[in-house]
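Input: a single structure, listed below in structure tokens.
Going in written order, the chains are labelled A, B, C and D, and every chain counts its residues from 1.
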Amino acid sequence: MIDNQRLVEEIGGHFGEKVRQFGENSGILTFSIAPGDLTEVVAFLKEHPVLKFNFLTDITGIHFPDNEGAELCSVYMMHSWENRIRVRIKVFLPKENPVVPSLTPLFNAANWMERETFDFFGILFSGHPNLKRILNMEDMDYHPMRKEYALEDPTRRDKIDDLFGR
Amino acid sequence: MSVSVPQDYLPLFIQLALALGFVVMTLIATHVLGPRLRSRKKEMPFECGVESVGDARMPLNVRYFLTAILFVLFDVEVIFMYPWAVNFKGLGWLGFYEMLLFVAFLMAGFYYVIRKGVLDWEKE
Amino acid sequence: MTEKNTLVARTQEEALALNVPLQEENNYTTLNLGPTHPATHGIFQNILTMDGERIVSSDMTVGYIHRAFEKIAERRPFYQITTLTDRMNYCSSPINNMGWHMTVEKLLEITVPKRAQYIRVIMMELARIADHLICSSIMGVDTGAFSGFLYVMQEREKIYEIYEEMCGARLTTNMGRIGGMERDLSPTAIKKIKDLVYNSLPKVFAEFEELFDRNRIFRDRTIGVGPVSQEMAMSYGFTGPNLRAAGIDYDVRVMEPYSSYEDFEFDIPVGHNGDTYDRYKVRNAEVWESIKIVRQAIENLPEGPYYANENHYYLPPKHSVYRNMEALIYHFKIVMGEIDAPVGEVYHAVEGGNGELGFYLISDGGRTPYRLHFRRPCFIYYQAFGELIKGGTVSDAVPIMSSLNVIAGELDA
Amino acid sequence: MTSVKMTDAPPGYEGPGFFATSLDKLIGIARSNSLWPLPFATSCCGIEFMATMGSHYDISRFGAERPSFSPRQSDVLLVMGTIAKKMAPVVKQVYLQMAEPRWVVAVGACASSGGIFDTYSVLQGIDRVIPVDVYVPGCPPRPEQILDGLMQVQELAKGESLRRRESEEYRALLESYNILEKNDR
């Protein structure tokens, strides 16, 4: 049975200083790495003979507007079906140039997940075969999931503040 | 058995006239009564709700034509078989051999077509 | 007509024999399947490039009903997000509701009493049955058989009646609360559930299966159509019945049991080839397994409360709101969304109708989630559709799409 | 004794052996009892429409058993579900390509007003792009409510004057939605 302690030893032992901030959130091991090491770490986890993280569960983004120099975060969740264990990898990126290598060569599923993350947060995945908007309209000029953008439809006129006591 | 006289066909003609009359009347009535609105977008082909791109009149591969004409050929063959099947007993063995010969001719053509590879879509 | 309207030949030999000009380039036909196409259930656009009847490639566009769930979730208190989860996979909304409640309970560290967990299991399995009934019967409609659909719709209505008995709604159920259920199973509900799983559904569903399983047309149109290998399924992130049809027995209910799934005896049906017929068979087998689970749950329903004793998060009963000051305060605070959640980061997955439905919730200690991401199984595996239909005919593409059971609301979020 | 209910006769003049009414009313009855719907189902409400179409609620009882997926042969556009801004041009195109007379039913809160999705990506009601005749509330409406919406359209069809679609008011309505172009007749 592989537990999070064993994972820390395996990953930490192999990558040393490259992996940082090990933590456990509701049972799932979380750590962060630099964007340049992402492909290497994911490939290591995927092809490891014992760990066998063979399934990419999800890719998503988070926006931390107050986190100077690392405003955006790209989150990768992997799952080892054989060992029944999950792991979460975080890559923090600056707002000015959020570039992270694409995982499409390793997992086909990464294609649309990365497009969605690009659409919502504007994180650029280098090496992605077709990085364009997926859910929103092509001509949208901002990335709506960033915290500074409003949720409401700007064209709506019947929601006057007076009516709601605001 | 009686011999049919032209008068016997009268009900048929009446029915034909009624059927045609109904169609013509309906067409005229809808044109007179129905509201109508023409616009450029309305007259475009329906493409699942998006604007159609390009032209339907593009060069077609000759294979479509060959497939279509072969289909017509074998379809017509079946039409010949209907009257033959109705009079199967009356025509007797001679009719049977004739039909056999007819089908054999067609089959020879079919064999030729298959050997030529006309029906293979992906021939490189 | 102009020169454009002429025939062209593909090979030199043909051009000479038929006296038509030779075609310079591969002139494929382009066909538009969607957005409002009767064969696409939901709104997707596929621009197919065709060589005769064969599909050469397809260009998929999604996002036609993108509703910004994740953005809304950042502005709503936790209990209001349940209404969003309803509208995600609307064929099996109770699973989404319960999955969300369990995610929040994981964040708040609430343990739900056994009875509530069993009621949740019953509701989730009924939702799974409803989901699979629609998918399988719509596959029948797409291959040209309407009667199967009419048979099972009647049974789905009975499931909806049970939902109504539980929460008052039919489709977008908004069922349950954070910390349990909003009401106990009523005697009518128990009667209806028992009637469904012991009498009507098995009978009708067996008949439905008889209608399709060995139907020549249905088999010809589905066997060997759109096969998914195990490697491809893994790489494309398949989960749920579509993955199991390829022969991998991954099921969240067994892998990471939630809501007392470990108490129940059931099998995970798997297929062999991962083709359309296998997906259909796996879904049908899952309906039988779900019936088994509901029977076990309703027979062994434990006594006890149906909600956790958590005043801060679970709405107090109405009669005490009228009489008790504390209850009134809690009621007010919960309804106004003024309950602060602890800081945390939670991922919880449930086995939805289409696969692993995950909720990735980040709370910064506020009243709303800081970030909520839904792992929508449809969105992830639908990208394989283009590869599945490649090389097949258009008539194959339609059953493949319905066998994948892509729900537009879940896909576009 | 049959249980088949005949439609009520329109107001008119009745004498021995004959019955006279206006052509408007006759055509109104014909139209209202054979409305072919175009189910434009995008999300949840579409599933409720499936129930309406299915055996339990049976929309065929109202002469609408033939769902038409091409706009050319349909009379009622039933818009069911959220219409995102990406989808709005498609709805408009489908409406434009329908033959006159045409009616539109906005089924559900999303199609009527955007519903709970007051977001940047959702169209706040389809009446921003096409004229709507009947709004059906509910999220989603129950099949009975969808049937009621259809019956409202039947009432509209029954009472509609034959000249309405050629009137200046109707033209002005379409022009206000930018549906008629300059040289359209």
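As a working rule, contacts are C-beta pairs under 8 Å (C-beta built on N, C-alpha and C of every residue); 3 or more make two chains touch, one makes a residue touch a chain.
Predicted model, so just to flag it, every value in this text is computed and none were measured.
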Partner chains shared by chain A and chain C (touch criterion as defined above): D
Reference chain B; chain at largest CA-centroid distance: A
Which of B-D and C-D has more C-beta pairs touching across its chains: C-D
Mean-CA-position distance for chain D and chain B (Å): 36
Distance from the mean Cα position of chain D to that of chain C, given in whole angstrom: 30
Mean-CA-position distance for chain C and chain B (Å): 44
Rounded Å distance between chain A and chain B, as computed from the means of their C-alpha atoms: 59
Sequence positions of chain C contacting 2 or more other chains: 35-37, 63, 66, 68, 71-72, 412
Per-residue multi-chain contacts in chain B, two or more chains: 49-50
Residues of chain A touching at least two other chains: 135-137, 144, 151
Graph class of chain-chain contacts, one of line, ring, star, complete, other: other
Residues of chain D defined as touching chain C within the complex: 40-44, 46-48, 50-51, 54-56, 69, 81-84, 86-87, 90, 94, 116-117, 119-122, 139-140, 142
Footprint of chain B on chain C - complex, ascending: 1, 4-11, 14, 18, 20, 23, 27, 30, 32-37, 45, 51-54
Partner chain A, residues of chain D touching it in the complex: 85-86, 114, 118-122, 124
Residues of chain A defined as touching chain D within the complex: 135-137, 144, 149-156, 159
Residue ranges of chain B touching chain D (in the complex, touch as defined): 33-42, 44, 46, 49-51
